[in-house]
């Protein structure tokens, strides 16, 4: 696997230079925060959900994020239309199955999107990833009730079956393409106290995937940078409010030295599933 | 009435331990801020508005917030369906009648929701509460043109007639179940300069009502904690921007000592209406 | 032209005294930030998009903002209905043609709104203003690919043809009514790294236009105040996160002295188009 501090630094540098357009069809709660995280990372965000324009927007975008956090039928229709257009164009599609497991509508919708679109990366918390495989896994709304480890087998199996990259984020982030597993120990507990950090992790993954065709490496780089930014932000935070502003600052200012000092990733091969 | 510094501390402690899921069908403007306020208070927020899933989401939630700030017919339909499901399940429903009085559509919708759902608490500003009783009261968009005192009789009468708790928030907050009246002198003028503090007051009321069946006490506790957080935040604020981040921090860090030092509530019985 | 430091100070003072209600039909991404910017400027924001109430809301408002950032057919229908009601009532209508040029749907919609409503001010970035005149100009999502200077002729011509005020914002802001051109050198590069600063510039323009019938002067005053707030905010910023909160603070605290010290505007007459 081509994942190292050097490759992460290189990806971030290219992202800032290329400033790729990331098209988001995402939920109302996190749109503003996600857009600011994308800008801070070096990408150019656009939000557009109307069936009348999603294909045109995809045609000028370098990556697509599909996030079902506040889904409804017209939005789902646009997500699928955009997802198909993105696959046809060959740009990466990142699916964030927010709250899968909480309601049948979410679970069914996520599965439908996976069936009908050519997804590149799925990023969710442990409960969401487990619920995609086993609808009885359960979920507490949009927050996880499961540890990362319990979702490892589901993530590896899903990555193999769908031939995609799967990321499970939480205290430790796990990224797998079905054989390679990258664990990222970066991050900070306050990230779980700010709404939309998971959604933003998906968006920043899209930004990195827009400039690196190796989806596993791009996802790992994105989550490492985001996690390091969280650690740096915690030094300036008195709570989740100041942490949020500091997180945007930290991502914007993230340096090669920060990555070299703080990146904490472990790489493993797994061939048993 | 069982409202004291001790009861407020106890409610906040239980809220943080139980981490109840609060289902919000709320307006676009405040979704992010509301979710962060709920997280900071100790609750777990979820936003879901599709008619396809609101009943399922209610079935796993511990409280429901209905907020009409950016209403439209499909959302109103979902609010009523969710409200009925919540009543059937027996979880508290908090209605925030944003902008009632500003347009007939808002006034009619709020009345329809009150008629068709079993509301536990209505929280609004003075103009909104007055407009629910007298459609000629008027309102300036979503901001109040009336003092708390002018809304007292309307609040007490409405609480009696509907057998609910009514909260009128502003410089001083007034909470009544029709006989008991609690006045909360906590808060800070900058709260009126940040969009969504009223909506967040409703959401945090839902969080407390989720863990305390005494709606009057839960509402008073919620508004006292939020008001104290506002006072603490003002010490770190240079204006409404830094105040917003400090408010989230202060709520997250709110201590027993803060409540004991700063809580300023007065309790009154009223039997004349 | 009646544009000077004194006129800007006077406008801001009146805005804070009159606290005009600004009705926004705007995009999901920026609703919260826009509302907070309007509150910080002295205005009272309301967001309402349902066809059932937009005319009623316009009837109590002092200005209307139409922003197509996350447009869809039902919203466009409401925008046009509100725009017509605003024209009939005689209040200013500010159009923000977000992302025009990125998709045909956006370009067509913006042109339709301009045709059917009586717009007072159009504010966009250079690519958006150019795309309104020449659909081949192109745009990178919602970010500009063109310099202000390249859009000057398009802005002056459009202002003349439509008999409106056109504002092109970017490193330098340009405001024209077709003969007069005001250039505003205030602002800070971090404003381009925060989502919704353009949208907020449109909203604050509506706030000033609500209290000053001279649309050119009102727009120039709004953009000058916003730009100065950006400069002041940059002194307290470590990046786009802290910049955002500082921007709201700076606007809220903006003083006569700040305007006199920092306002940097140049005025020019142009009679060749």
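Lettered A, B and C in written order, each chain numbered from 1.
The working rule: contacts are C-beta pairs under 8 Å (C-beta built on N, C-alpha and C of every residue); 3 or more make two chains touch, one makes a residue touch a chain.
All values reported here derive from a predicted model rather than from experimental measurement.
*Asks:* Sort the chain contact graph into one of these: line, ring, star, complete or other.
*Replies:* Graph shape here is complete: every pair of chains touches.
*Asks:* On C-alpha atoms only, rotate chain A onto chain C and read off the angle in steps of 5 degrees.
*Replies:* In short, 120 degrees.
*Asks:* Roughly how far is chain B from chain C, centre to centre by C-alpha average, rounded to an integer in Å?
*Replies:* 33
*Asks:* Tell me, which residues of chain C touch at least two other chains?
*Replies:* Residues 28, 32, 244-245.
*Asks:* Along chain A, where are the residues that touch chain C in the complex?
*Replies:* Touch list, chain A to chain C: 21, 23, 28, 31-32, 35-36, 39-40, 44-50, 52-53, 56-57, 60-61, 74, 236, 244-253.
*Asks:* State the interface residues of chain A toward chain B in the complex, per the touch definition above.
*Replies:* Of all residues in chain A, those touching chain B are 27-30, 32-33, 69-73, 99, 102-106, 140-143, 193-196, 237-242, 244-245.
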